[in-house]
Amino acid sequence: MITFENDYSCGAHPAVLQRLLETNLVPQPGYGEDAYSDSARRKIRAACGCSGAEVHFLSGGTQTNAIVLASILNAWEGVIAAQTGHIHVHEAGAPEALGVKVLALPEHQGKLDPEEVRALASALLKDENVEHMMYPGAVYISHPTEWGTLYTRAELTALSAVCREFGMRLYLDGARLAYGLMARDTDVDLPLIASVCDAFYIGGTKCGALCGEAVVFPHGAPAHFRNFIKKHGAMLAKGRLCGVQFDALFTDGLYGEIGRRGVETAEQLKTVLAKHGVPCYMDTPTNQQFAILENGQYNAIQEKVPVGFWSNPDPEHTIVRFATAWYTTDEYLEELDKILGR
Amino acid sequence: MITFENDYSCGAHPAVLQRLLETNLVPQPGYGEDAYSDSARRKIRAACGCSGAEVHFLSGGTQTNAIVLASILNAWEGVIAAQTGHIHVHEAGAPEALGVKVLALPEHQGKLDPEEVRALASALLKDENVEHMMYPGAVYISHPTEWGTLYTRAELTALSAVCREFGMRLYLDGARLAYGLMARDTDVDLPLIASVCDAFYIGGTKCGALCGEAVVFPHGAPAHFRNFIKKHGAMLAKGRLCGVQFDALFTDGLYGEIGRRGVETAEQLKTVLAKHGVPCYMDTPTNQQFAILENGQYNAIQEKVPVGFWSNPDPEHTIVRFATAWYTTDEYLEELDKILGR
Amino acid sequence: MITFENDYSCGAHPAVLQRLLETNLVPQPGYGEDAYSDSARRKIRAACGCSGAEVHFLSGGTQTNAIVLASILNAWEGVIAAQTGHIHVHEAGAPEALGVKVLALPEHQGKLDPEEVRALASALLKDENVEHMMYPGAVYISHPTEWGTLYTRAELTALSAVCREFGMRLYLDGARLAYGLMARDTDVDLPLIASVCDAFYIGGTKCGALCGEAVVFPHGAPAHFRNFIKKHGAMLAKGRLCGVQFDALFTDGLYGEIGRRGVETAEQLKTVLAKHGVPCYMDTPTNQQFAILENGQYNAIQEKVPVGFWSNPDPEHTIVRFATAWYTTDEYLEELDKILGR
Amino acid sequence: MITFENDYSCGAHPAVLQRLLETNLVPQPGYGEDAYSDSARRKIRAACGCSGAEVHFLSGGTQTNAIVLASILNAWEGVIAAQTGHIHVHEAGAPEALGVKVLALPEHQGKLDPEEVRALASALLKDENVEHMMYPGAVYISHPTEWGTLYTRAELTALSAVCREFGMRLYLDGARLAYGLMARDTDVDLPLIASVCDAFYIGGTKCGALCGEAVVFPHGAPAHFRNFIKKHGAMLAKGRLCGVQFDALFTDGLYGEIGRRGVETAEQLKTVLAKHGVPCYMDTPTNQQFAILENGQYNAIQEKVPVGFWSNPDPEHTIVRFATAWYTTDEYLEELDKILGR
């Protein structure tokens, strides 16, 4: 059985599971105050080149986005995001459930344009009715984006400059960060992210963990952030579950290895799709590939291999996401080749 | 190294971890729509003797309480709970964060008195200012309670009758349900709970899982409950994580075995405490024992074995919780015997 | 002193104030249960041709929009609105503060296109990821719109049909309804609005009252709506304040007279603007006129007569709102004529 | 027709209404930026002897309590209040709707005991589980209290000291402040309140206005408080409505005169009740008197004169509130005398 439905179809990377096994019966304090979480935090700070960073573990991406945004925004501020941003489209109103309004801008292959961000922030702050509006408080980006695309070092630096200019915080959703960091030709690494962002998270769930995301506040977290986590039902009693996993992910380069495997298999996937004449919606350098299928083709493929529905660009076609991951084997690709060849 | 600090100090019961290992590389759909979650739901329904029950998995207790209460209450309704109820005291305002007001009643060894519930519900509904108050919408109980005590079948039936009389829903927090079900002399079992409650959860985190609680709605869940879970950031992408674990917990009587071990070691613990003249705050039949220590004694013990701070009944004494669990070994008890004997 | 800044620059229409004076010392029950509120409700039901309608009074428009939307939407639903909708742009995140997400569509002179509403609702409901999104629960329109434009009977009927097709509620924000009902050539009246909408409000604040909006639910209000009002801090102890005012507004055609005066003076205003070569941004039939001024011109005018800042279409120009109202006198227009002529 | 049901049964004090009449057609900016609001703010600052105070006008008490508390509390903080506090009992969960948890303490004739506040704050901050609880962030008191009783200067000073000791804010709900300030033998005045509180409101609705409460922040308001008001639907477009009224209330000692009349008539009321052998629940120095009636007596009286239901201390008796106000005339008292004498 194979799948390209998403990058969370299997359990944990074997090395992560192995570490859970090894540590299983060692008693530890709860709520993230265990030795494994401490160790993971140290390793993440080192990987980010940011010894003063504060690191917290949460269990999933939507939870993380809502809680972090609500914590870094003042009541009078909204968050700027791309029209296609995960928080705007695929989180069932989780930010709004915490009172956070999303200020949507056009997307450019899933990305925000720093100049458009500047124009919006500037317009809001100059508006004589701004008291009746949301002040621009933060900018949300994902890297990779919803379309699997990546910001460049120059783009992130430009976004960060706009944020500083207007007193906004820059928040990066790194649900699939492993695949972004390991993409070919990217000039973005963790230290850069830590230097340009006020908050970001290193994705675990989609990058080899059973669950868990590591939130990093390079300049320190909002006051009483742990209480805030608890108040929003997001503090795991067995905080070690995330601690052990992130400790494993940041040992011996495992996080990078996981990202590399996802990217390599995505490249192979592109070759298979091309071989069978399946067009891609755009060229993306990470582990998600978006193919345009005729509806009939979509239905036929779906019966043989799970893929992800994305959208209907027109009544006759379906855009489908093929996701690879650390668990995508050569067999997966060979089998897909056969399915498309039938 | 030993601990009596709580019942979530170690990882998962080995049989649970084993099952995670076995299923790790089998691809499955996300968000709880996997085969393991389905299987776990079937087994839970069977254990509850309630084939029409709807079962959902969430990751922790505070999250579960807040989300379930917010989903079963109308905007004009509050929830009645004991003054010591977990939702009122130890959840950092999580229910209130979702707009849920707690209507506190006195506790009787951690329990609500059905007659006091009736009196409060009756008084609220008769109050000519009720439009300016909260209507009584639900009753929250925990079983075992915060003090490790248990309701009897007669008490649960009486509470349920009061709830029906006033159109309130009965919700049971079963964070430590395994230990409650396996207590000596209890006449409460899962089918009874399913028959008297409108919603309850079977605790995983404190009963052998890495994380996870199984919410059971015997008469069906509120409409679009999955979307509600997502909106509150509580839907795990790898829903299989809870599914696999609960599938294991409800296979071959593992959940009962876990509860039994916790209760047996708690009985042994009582013997050790009594041997050393340590008084208990009350006699409780489950896995939590509350001892009254002089502050000096508390500090001395704390250095040698982790125990849980509970409260200061007076400036000279500390009430301390000793919790046992599925992972409490004979060695734990022998070591405690030595520590207390020094 | 004159003003065109908005339509809430003066106090109440003299007839409204007179009625407050007459009734001032007659004791009445609080919280909207007074005889004046009852009378106002009866008159509003009659004006709407809808004897079964439920009518509630709130104090302002933003409050009304947020409370009504939160009450008619389920937790899993969002509200569709034009990009320029007041709830999306000028309410400081009030809907989001109650957990309501706005699903924005393009505006067409401030209006929603029924076909675009249909396409969005249809796409959301067909989306395989809809559980992770907001279901389309309601459609928000304002009449007159933010641009002072009006829906036609055919357009409202079409929107209503789309709403029924998808189980959405239609909600109309009538902050300036008096001016809409009295516009030349409109074929929309209160009975039509009551027949196509599930909820709407008849604006008081901008149509002659000191404060107050009358919410009408033609098919009955959500359960315990009064408690919901109280919970959101919107229940006036002296409910008579709104009751007396709306009773006056719906006596002897006063509401219509107020609307008529606003529209007539707006027509005269257009003539004055045209006479001085000031271009309008669009042709609108109600009491708001949007003029395009060079920034220098804007600054100069602003010193002599208050007008409303609207937006900067480009760095050199400012769109300014000239609002007329029941209190706009001939002197206002003559004075403006002089100012523009200088 | 007479009434003792509450202190908001009539409209506005004639001098307040007169001022609304005089200012009615003078154009002013909206949203509280009018000259009347400015003038009222100046007069209130002067009356409080606090030239640096920030003053905002809201429309009602429940709204004011919820918004001010939510604005002065951090997310991790709750508010301490008496078990009988209005926010805890009679606001339909309005604080909780904004995520504010009430930490209830016993009441002593409606008042908090500073030592009990100190004990609770101290216990919370020392609790090793405080991260899972609410930090003590503010203390809510009402003056007069729900029972019409008053704090002394010494008690307020002691409460303020406790607040400063634990970093809590002191907030005073002055819904009926006029009657409290004018009570015989009180040693509490506005400058004292301004010097001990971090926030308080001067009640308008129950003290002679049609609506409106004046929130005073002696040391400045929370950042962007106006946007916060708007976000919670509480900003009146015609802010002048409150401004004009408070300007009148604080001109020529009107607020004091209103309070004095309420207190004097309450003293006369006590005499009437005593004359007819109706026992009072407690002796209160302000405009609310609580009488204990047999249920039959309650029903008989209710038919002849509106009084306020308070509670049922036992199944045979009803505690009833008789409220006087600025509009209570001698005729009211004579008529009550006759009714009780029948």
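Quick notes
The chains carry the letters A, B, C and D, assigned in the order they are written, with residues numbered from 1 in each.
Assume contacts are C-beta pairs under 8 Å (C-beta built on N, C-alpha and C of every residue); 3 or more make two chains touch, one makes a residue touch a chain.
Quick caveat: nothing in here was measured; it's all calculated off a predicted structure.
Graph distance from chain A to chain D, where chains that touch are one step apart, equals 1.
Ranked by how far their CA centres sit from the centre of chain D, the chains are topped by A.
Homomeric contact chain A/chain B is classed as same-residue, with over half of its interface positions used by both copies. In terms of C-beta pairs in contact, the better-connected of the chain pairs B-D and C-D is C-D. If you average the Cα atoms of chain B and of chain D, the two centres end up 41 Å apart. One inter-chain figure worth recording: chain C and chain D are separated by 33 Å, centre to centre, where each centre is the mean of the chain's CA atoms. In chain A, the positions touching at least two other chains are 76, 91-93, 97, 131-132, 227, 230-231. Contact residues on chain D toward chain C in their complex (touch as defined above): 1-3, 5-6, 8-12, 14, 17, 20-21, 23-30, 59-64, 66-67, 91-94, 97, 205-206, 210-211, 227, 230-238, 240-241, 244, 306, 327. Within the complex formed with chain B, the residues of chain C that make contact are 31, 71, 74-76, 131-132, 135, 223-224, 226-228, 230-231. Within the complex formed with chain A, the chain C residues making contact are 76, 78, 89-93, 96-97, 99-101, 104, 123, 126-129, 131-134, 309, 311-312.
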